[in-house]
Each structure stands twice: as structure tokens, then as C-alpha cells.
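Below are the C-alpha cells for one structure; questions will follow.
Labels run A, B, C, D, E, F and G following the written order; every chain starts at residue 1.
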Amino acid sequence: MSVDMAIKVLEESLGKMVLIKLKGGKVIRGNLHGFDQHMNLTLEQSEEIMEDNKTNSLGTIIVRGDNVVIISPPPR
Amino acid sequence: MSVDMAIKVLEESLGKMVLIKLKGGKVIRGNLHGFDQHMNLTLEQSEEIMEDNKTNSLGTIIVRGDNVVIISPPPR
Amino acid sequence: MSVDMAIKVLEESLGKMVLIKLKGGKVIRGNLHGFDQHMNLTLEQSEEIMEDNKTNSLGTIIVRGDNVVIISPPPR
Amino acid sequence: MSVDMAIKVLEESLGKMVLIKLKGGKVIRGNLHGFDQHMNLTLEQSEEIMEDNKTNSLGTIIVRGDNVVIISPPPR
Amino acid sequence: MSVDMAIKVLEESLGKMVLIKLKGGKVIRGNLHGFDQHMNLTLEQSEEIMEDNKTNSLGTIIVRGDNVVIISPPPR
Amino acid sequence: MSVDMAIKVLEESLGKMVLIKLKGGKVIRGNLHGFDQHMNLTLEQSEEIMEDNKTNSLGTIIVRGDNVVIISPPPR
Amino acid sequence: MSVDMAIKVLEESLGKMVLIKLKGGKVIRGNLHGFDQHMNLTLEQSEEIMEDNKTNSLGTIIVRGDNVVIISPPPR
């Protein structure tokens, strides 16, 4: 079993842009500034991406982990 | 792993206006007066922001943490 | 971190009228008689506030904490 | 903090009629025969109260606590 | 507080027909063969009761406890 | 109290066809290959059963236990 | 009881294509790169499979385990 896999991917993504899909369909992009074992995330320069691909600037935010469905780190 | 990241952002926001997005779509703005590790929050001079951008004054409130989706601290 | 903030606000509200917003949209007003760390609440002389601002008397009630979204203590 | 408040109200209601509101809108009235710390309840001579105020007899039932929103003890 | 009340009612119902109401509205009747503290249940000769009171035979089943709303033991 | 009842029924069903009803209405049939105390299940030669009774082959699958409503073991 | 069954299937699937069905109906296919006991998953070269069978490339992603309904390992 590889318990630390998610954490390793998140650590490698610190300081980089990640894409977050939340329950209910909200999509957020931002610079990953921190995270914890519940997948609580802090993002900087974040923005919500609307269905029409317009964006809505959110600045620095904390995302509560239980809302997270998928985290996409940046391509390597 | 950076467990204390969310707490650090919340501590820096104490006494400042934060924007809270809740499950179900409610949006609340208020002066952050306290928080705990469940993201239970106490806000002062808070108001609900309606879809038409009108506001509804709520005064001092406690928000139960499991309803929180996103917390936006004030711009630095 | 200020873990006891919510509890302090609740303790100061004991014996006073509080407004409770529940998941699903129900709104209840009552005299706060007790609470615990799960935000289970006991209210006296409580009433449900309908969308048309009519009220429905509930008397003494126990509210199970996991239904709570927001607690508004009385203005100081 | 008054942790035992809900339990005190429930204990005083043993053997008396209580009104239970459940998630999803079901309303049940019955004689409170027992409870535990999860708000699991046993009711006797219980009945479901329909929206048209008709009742549907349920007899003795166990209510799983996580469905409970509000418990109304009898007026004192 | 009477923690063992639900368990006592369930134990007295072993080997007897019980009616189970589940989240989402499903109603199941069956012979209670076992249970645990999560209200996981095993039923024998069970059947689903449709809204038109037709029944759909299910035989022996395990019901995961977190789906349970109400358990009706047989009348004594 | 009979804590091991569900486990006994599941153990007796190992290597046999079981029917699984999931939250949201999905129905799956498969050969029970394993399970744990959360009702996580591994099924082999599994298939989803559609509302029109057509089937959709799924092969070997893991079902996360918190989605499970009912498990029907094979008739004895 | 066979607690390690799900983990054994997941370990055998490391480095192989798996199909993931999520709550809400999203379907994702990707190369399984890691997992933990909560069924948090890391996938590489992943893509979302739309209802019309078109695919939407997602690259490397972390899936939070509580969204997972079914994991289909590759046929052996």
C-alpha cells in the first residue's frame, strides 16, 4: 500500500497552479500554497472557472477538504 | 506536508473581513472573530450576500464548519 | 488558534433569544437553554419562522447539531 | 458549557409524548421509551403525522438518531 | 440515560417480522435475524413493499445501518 | 447482541453470486470475492443490472462500502 | 473476514488502467499510480469519459476517496 502517494503529488505541486473540482460542480484554479491530511487546501491567485470558461477572481482562499472531488496538479 | 497552513491563513485574518461560501450556495461576509480546527467560525458585523448583490445584515454569528466550502481572507 | 470562541459566544447567549438556520432552510428562534460541543441545542419558547414571516410555536425543543448552519446570538 | 442539557430534557420526557421532526420532512409523535447519546430513540404508541394532519399508526419504533432534526418534549 | 434501549427492542425482535424504513423511501419487511451497534441488520424472508402495496421478494438480505430511518418491531 | 451476523452471512456468500443495491439506485450482481468491516466489497464477473433488466458487464470491481444499501446473498 | 481484499486488488492494479465511477455519475479512466486506505487514488494519463463516450484528458489527478463508488481494475 502506498499511503503517501497523494501527499507526494501535493508536495510536488506546492507553488504551482492546480485545478480543483468540487462537489456540486464548482471548478477552481489556483497556486497551491498548502494542504493537510484532510485535503484542506490553501490556494493563492485563485479563480473560479465558470461553465462558459469565464473566470471569477477569488484571490487567496481556503478550500475545506470534504468538498474536493479531484485535484489536478500541473503537467510535469 | 504543511498541516498548519489553513490555520495560519485564518489567524492572519482574525479581525478582518472574510468571505465565506457555504454548501447550498449561501455567501456570507463578516469580520472573523474566531475559528477552530473544524472550521467552525465566529463572525461579527456579518451579512448574507444575495444573488442580486443585496445584503442582509446578520450581526454576530457562529457558522458550523461542516457547511463551509471556501473561505476567502482579505487581500493582503 | 482560538478553539473556545464558539463556546464563549454560546455561553454568553444562554438565557437569551438566538436565531438558528438549519440545513434545508428551516429557521428557528428560541431562548438558548443549553448546548454541547456538537452544537446540539436546547431552546425554550422556540418558534419556527416561516418564509412569509409567520411563526409556528414549538415550545421547548432539542435541535440535533448536525442540522445547524448558522447560530445568531442576540445583539449586545 | 452544559453538555448534559439535551440528556436532561430527554430524561424528563421519558414516558411522555414527544414530537420528532426528521430529515426529509417526516413528523412522528410517540411516547418516549428510551434514547442514547446518538439520539437514537425508541418510541411507543407512535404515529406518523401527515401533511394533511392525518395520522398513520406505527406502534413501537426505533428511530436512528442521524435522521433527527428536532425533538419537542411535552409542555411542562 | 438508557443506552441499551434500542438494543433491547432489537433483541426482543430477533426471529420476528420487522418493518424497516430506509432513506429515500424504500420500505422492507423481513424476519430479523441479526443486528449490530451500527444498526446493520440481517433479515430473512424479506420483501420490499412498493407504494402500491405490492411486494417484491428479497429473501435473505443485509441492510447497511446508515440507510435505516425507522425500525418497527412486531406488536407485542 | 449479535455483532458478527452480517459478517457470517457475508462469509457464507464468498464465492457465490450476490446482488448489491447501491445508493442512487444502481444494482450490481457479482461473485463475492472479498469484503471488510466497512462493507467494502470485491466482486468478480460482476454486471450492472439496468432498469430494463439488460446487463452491463463490469468484470472484477471494488465497491466502496458507504454506497451499499442492501446485499442479497444467494438463496440457500 | 478478508480485510485486505480491496487492497490486494488495488495493489495488483498499480501501473495499470482502472475505471473509476464517482458519486454524481462522473466516470474516470486512468493509470493507477497510488492509493490509500480511504480509497484516495492518484491516477496518471487520466481522462473523464462523457456520456457520449467522448473523453476529456485530465492528466495526473488525485481523487478524494469519499467520492468513489466503484473501481474496476483491468481484466486479468
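Keep in mind that, in the parts below, contacts are C-beta pairs under 8 Å (C-beta built on N, C-alpha and C of every residue); 3 or more make two chains touch, one makes a residue touch a chain.
It should be emphasised that the depicted structure is a prediction, and the values quoted were computed from it without experimental measurement.
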item: Where subunit C and subunit E overlap in contact partners, by chain label; value: D
item: Rotation angle superposing subunit A onto its copy subunit G by C-alpha atoms, nearest 5 degrees; value: 50
item: Distance between chain centroids, defined by C-alpha means - subunit C, subunit D (Å); value: 19
item: Centre distance in Å when subunit B and subunit E are each reduced to the mean of their C-alpha atoms; value: 42
item: Junction residues of subunit F - those touching two or more other chains; value: 10, 66
item: Order around the closed ring of chains, commencing at subunit E, then subunit F; value: E, F, G, A, B, C, D
item: Subunit E residues touching subunit F - in the complex, by the definition given at the top; value: 7, 10-11, 14, 22, 24, 26, 28, 33-37, 40, 42, 58-64, 66-67
item: Subunit D contact footprint on subunit E (complex, rising order); value: 1-6, 8-10, 23, 39, 65-66, 68-73, 75-76
